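By letter and in written order, the chains are A, B, C and D; residue numbering begins at 1 in each of them.
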Amino acid sequence: MGGVEEVGGRGGRNPVVSLWGHLKAVGTGLKYLIAVPRMTVKYPDEVIELPDGYRGMLIYHQDLCISCGLCATICPANAIKMYLPSGGGGGEGGGEKPETPPKRHPGIDYARCIFCGFCVDICPTGALEHSKVHDAAYERVEDMLYRPEEFAAGPPTVEFERPPKRLRPVMDERRGISYEPVG
Amino acid sequence: MSGAGSGERTLELLIGPQHPASGHMRLVAEVDGDVVVRLRPDIGYVHRTVEKIAETKTYLQTIPLIERPPLADTANHNLGYVMAVERLLGVEAPPRAQWLRTLLAEMNRIHSHLYGLGIHGIMLGSSTAFMWAFGDREIMIEMAKRLTGARITYSYMIPGGVRRDLPPGFAEEMEKALRYLERRLPDYDRIFFSNPVTRARLEGVGVLTREDAIRLGVVGPNLRASGVAYDVRRARPYAAYPELDFQVVTRSEGDSMARMLVRVGEIRESIRMIRQILARMPDGPILAERYAKMIPPKWRDYVRETGRIKFPAILASLRPPKGAEAVSRVEAARGEAVFYLVSDGGPRPYRMRMVTPSLRNVVLFSHLTRGCRVADIPAIYGSLDYFPPEADR
Amino acid sequence: MASGSEVGEVAAPIEGALSGISSELSVRGEVVSIRVRPEDLREAAERLLRLGFDHVKAVTAIDRPGEGIIEVVYHASSYGNPGLTGIIAELRTSVPRDDPRVPTLTEIWPSALYQEREQWEMLGVIFEGHPELERLLLPEDFGGPPPLRKDFKIPTEGINA
Amino acid sequence: MGALGWILGLLLSPWVFVPLIYPGLVSAFAVLLFIIWFERKLAAKVQRRFGPYYVLRHLGGATQLVADLIRYLFAEPIIPEEADALAFVMGPALLFGLTLLPVVAIPVSGTFYAIRSDVSLLIVLALLTLGAAMTLIIGWAGNNKFSLIGGLREGFLSMAYEIPLFVAALSMAAAYGTLDLVDMVEVQAETAWGVALNPLAAFVFLVISFLATSRFPFEISEAESELVMGPFTEYSGIMYGLTMGASYLKYYVLCLLFSIMFLGGWEPVPPQLAAVPFGPGVVVFAKALALMALGVFLRAVYPRYRVDQAIRLAWHYLLPLSVASVFVSMGAAWLGLTGA
């Protein structure tokens, strides 16, 4: 089990080493002050595009849903629950088997959701998928609960004061991340 | 003034839990002038009873739970837990999944170490080290986001394999990212690691001898900085580590500087490992055949084309045999993480023991600070890369 | 580098070291499991330490109300002895649930200090002789029963709203 | 018209202009608003981010500090129950005022000054030391352990830095053969800048001006990650603003002094400014500001020293160096380099 010694040698308290260290530190600071570009973006004016497969807020296709309840079963945060149809639909009992309760459908509480995506991966019909919406803000915690019919209406759209510039992050050997504008 | 009545020499300082450099914990320091006589860590401010909650969740649902405490280092703990579950179930992930797990674990190690270095920087007053490390951490987070779909809480490894295959173009982008990090490390060295002020603050401060490190059961870079070449990746190799060429970074000084430099060395080793992984990754399935054949037939094409697994329904209720027990250990970024699972045949763990690296390092607070200066407290704290939620769980 | 076969090789010296103590040995992967009586725990730990198991990785107590016992499990391994780093010695004992007392192993393995304290707090196992058996993670005014005991129930939710 | 002229005349008279306008209160406030913004911008650039930006976006957030000042003004000043209220409230105001006091004796032109004294250097140095005592009082008044420790650190440091500061400054007096700051500038105009005559004294003076004003790497008594702003832990609102401003103000005064003693003061005066009575002051101001920029830039380079390390640096290195600088001055004078 060999060890390996690493960068950053020790020069003891040698004043010459110290002086050289001070010069190198200040020089590096100056280099970054002058020559190295920034790596942050001006967020609400510039927005970073998310990659495909990003686990954002959910899209629910109610037409594909078979009410199997797997999403609610697997949800680790108890965010997805199965809801009875609202508006008194429960008492109607118009189906072929009157004693079976009406089908339940999933609704989601984004105050609990942890965006693990287990529900999407286990959904046998593809009724759930991820959108790229991740930065919705709410004024009241109750608004974060989406019953099935609201859930089916899609994730909220995020509005900006000024239309933001969309940027795609690309790895860059010199800058770390550089940002390419997308149309 | 309370705490310093007449005739008393010492003053009791309560550092935290609301203090810029305490994290979610309290350090009760008894100081005599500028010298710390005694320091007692008071932890538990972010305790969330993960072990109890795990008894109410299924084996799969426990994965995100495991990821919460060690927030900067989710992948390694995810891996350790999944390894224990696989041992309970007697299932093994296919080779490609093992390599993908190792890839994410090493990416996570880099960004976790950068997180630790950044926090250490700001504790010493170097805002530049802090901002740089947190900025460059973003490189690995961005790459992990492309691989897993999430920035930090990946939940990427599941019993039997991983959830997603490499996205197109990943290796080329990663190579650029790694070259960038390699270019940056010398600048970190010039402005922070070798900065004479940093060296004055860290060299010879908080020295942990080899004997004490072993006796106290310290883990991770803190252990290796005291000259003990123990690394689970070498002592009991798991995932793809048996096939990777890497060195266990150690130093002999045992001081705060050594602990920091071991982390820097591990970042370099992780860069080397990621290169090897991407160059030599075997082809093949990413989910064990036992579960892959249970994926609904209509999704087989989707899985093949996108490289994203659709869960078979059985994952929602995995049941290991009654009475089965499993221990697993992984080298997480901050040190060894140990998982101990006991099954009663039901779909939920009967007992889930999660021993995180920070829990095992908490003993160092009182040990290393005896006789140090008040200003050394953050210097030593930062050098331990201690993360209160990880210790409290 | 340790491998699976080595576990078997190590099991024999462990068995030898524990001669005279009534113990049951079994091997499970990298783990050598040793079951002893509570009164033999200290002696067994001391012999393991002499063999080179120099630190404790985990201290776990398991509540088994069905059998009326609490199991206390120590996972020990070695940093200093390269032949043992790949092995985990699992030292376990059972104590009655209504009076769970075991001797502390902190003098033998100081690395058990915080975890014994935690298991005391979470499962009510009294580690006799432990230097600071006081609250660690729970709030100071926590009054309930030890929370990791099985009779401490936490509410769960169904899948239906 | 007469009244206006009289007011204008009064304002432009050196006894009012110097303490109130330049280099006094008004310009000091302007410097504060600028330099703190500039410090944040510099650090942000080194750290590869933008820094203050959204308060007046098109000027790079230049009015950020104005916004901060307004916020400070309207924030509730909280006086802790356990604090010594009088000392707690008076502390920041006195600290701020006393820190600015030395400017009355700093000439900004050969002809335009509030006080012309043949010992003006000594007056400035004496007034400079008053602030540290106020910091001690502030640290005590808050009745907080962190404040107390911070105040004590400032006390230890001030003892350590004042002696080498004085010796380094007085070595220049030896070189120029005068204690009058106006004369010092004139000597430099005839011979060479002080920084060339005695680089050692200039170096010691510069390092000590970082040390004396809590600039990195000597940001020790405030030490956010150790003492949570040290003496100023309990302060909020404008009282905190004053304490924070005071360290920049002291740095401003030291930079003015450095420009006059080592950088040739107002020489060379551009001909366009020579006609205005306080015109040469612009040159001093520019030099001081450039020097301040250097000091605030160091925030982006350094962590902070430990208090004992800084004290050791001052006693073991800076004090001997300052004594050596006296000999350098004497040597320069003996060689006739100073024209004295």
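By definition in this document, a contact is a pair of C-beta atoms (placed from the backbone, for glycine too) under 8 Å apart; a residue touches a chain by one contact, two chains touch by 3 or more.
This is a predicted model, so every value here is computed, not measured.
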| item | value |
| --- | --- |
| Set of chains whose contacts include both subunit B and subunit A | C, D |
| Higher-contact pair (C-beta pairs counted), B-D versus A-C | B-D |
| Subunit C-subunit D separation of Cα centroids, rounded to whole Å | 62 |
| Centroid spacing, where centroids are CA-atom means, of subunit B and subunit D in whole angstrom | 46 |
| Inter-centroid spacing, subunit C versus subunit A (mean Cα positions, whole Å) | 40 |
| Separation of subunit A from subunit D, taking each centre as the mean of its C-alpha atoms, in whole Å | 48 |
| Multi-partner residues of subunit A (at least 2 other chains) | 1, 25, 28-29, 32, 39-40, 73, 75 |
| Of all residues in subunit B, the ones touching two or more other chains | 128, 135, 191, 195, 234 |
| Touching pairs among all chains present in the structure | A-B, A-C, A-D, B-C, B-D |
| Residue ranges of subunit B in contact with subunit A within the complex | 57-58, 60-65, 128, 135-136, 138-139, 142-143, 145-146, 148-150, 153, 155, 163-164, 167, 173-174, 176-177, 179-180, 183-187, 189-191, 193-196, 199, 203, 224, 227, 229, 231, 234, 247-251, 253, 257, 261-262, 264-265, 268-269, 296, 299, 306, 308-311, 313, 315-317 |
| Touch list for subunit C against partner subunit A, complex | 82, 157, 159-161 |
| For the subunit D and subunit B complex, residues of the former touching the latter | 43, 46-49, 143, 145-146, 148-149, 216-217, 219-220, 223-226, 228, 299-309 |
| Interfacial residue positions of subunit A with respect to subunit B in the complex | 1-11, 17-18, 21-22, 24-25, 27-29, 31-32, 39-40, 50-55, 70, 73-77, 114-118, 121-124, 130, 169-177 |
| Residues on subunit B engaged by subunit C in the complex (per definition of touch) | 43-44, 47, 49, 51-53, 56, 87, 213-217, 223, 228, 230, 234-237, 325-327, 329, 336, 338, 340, 342, 350-351, 353, 355, 359-360, 362-363, 392-393 |
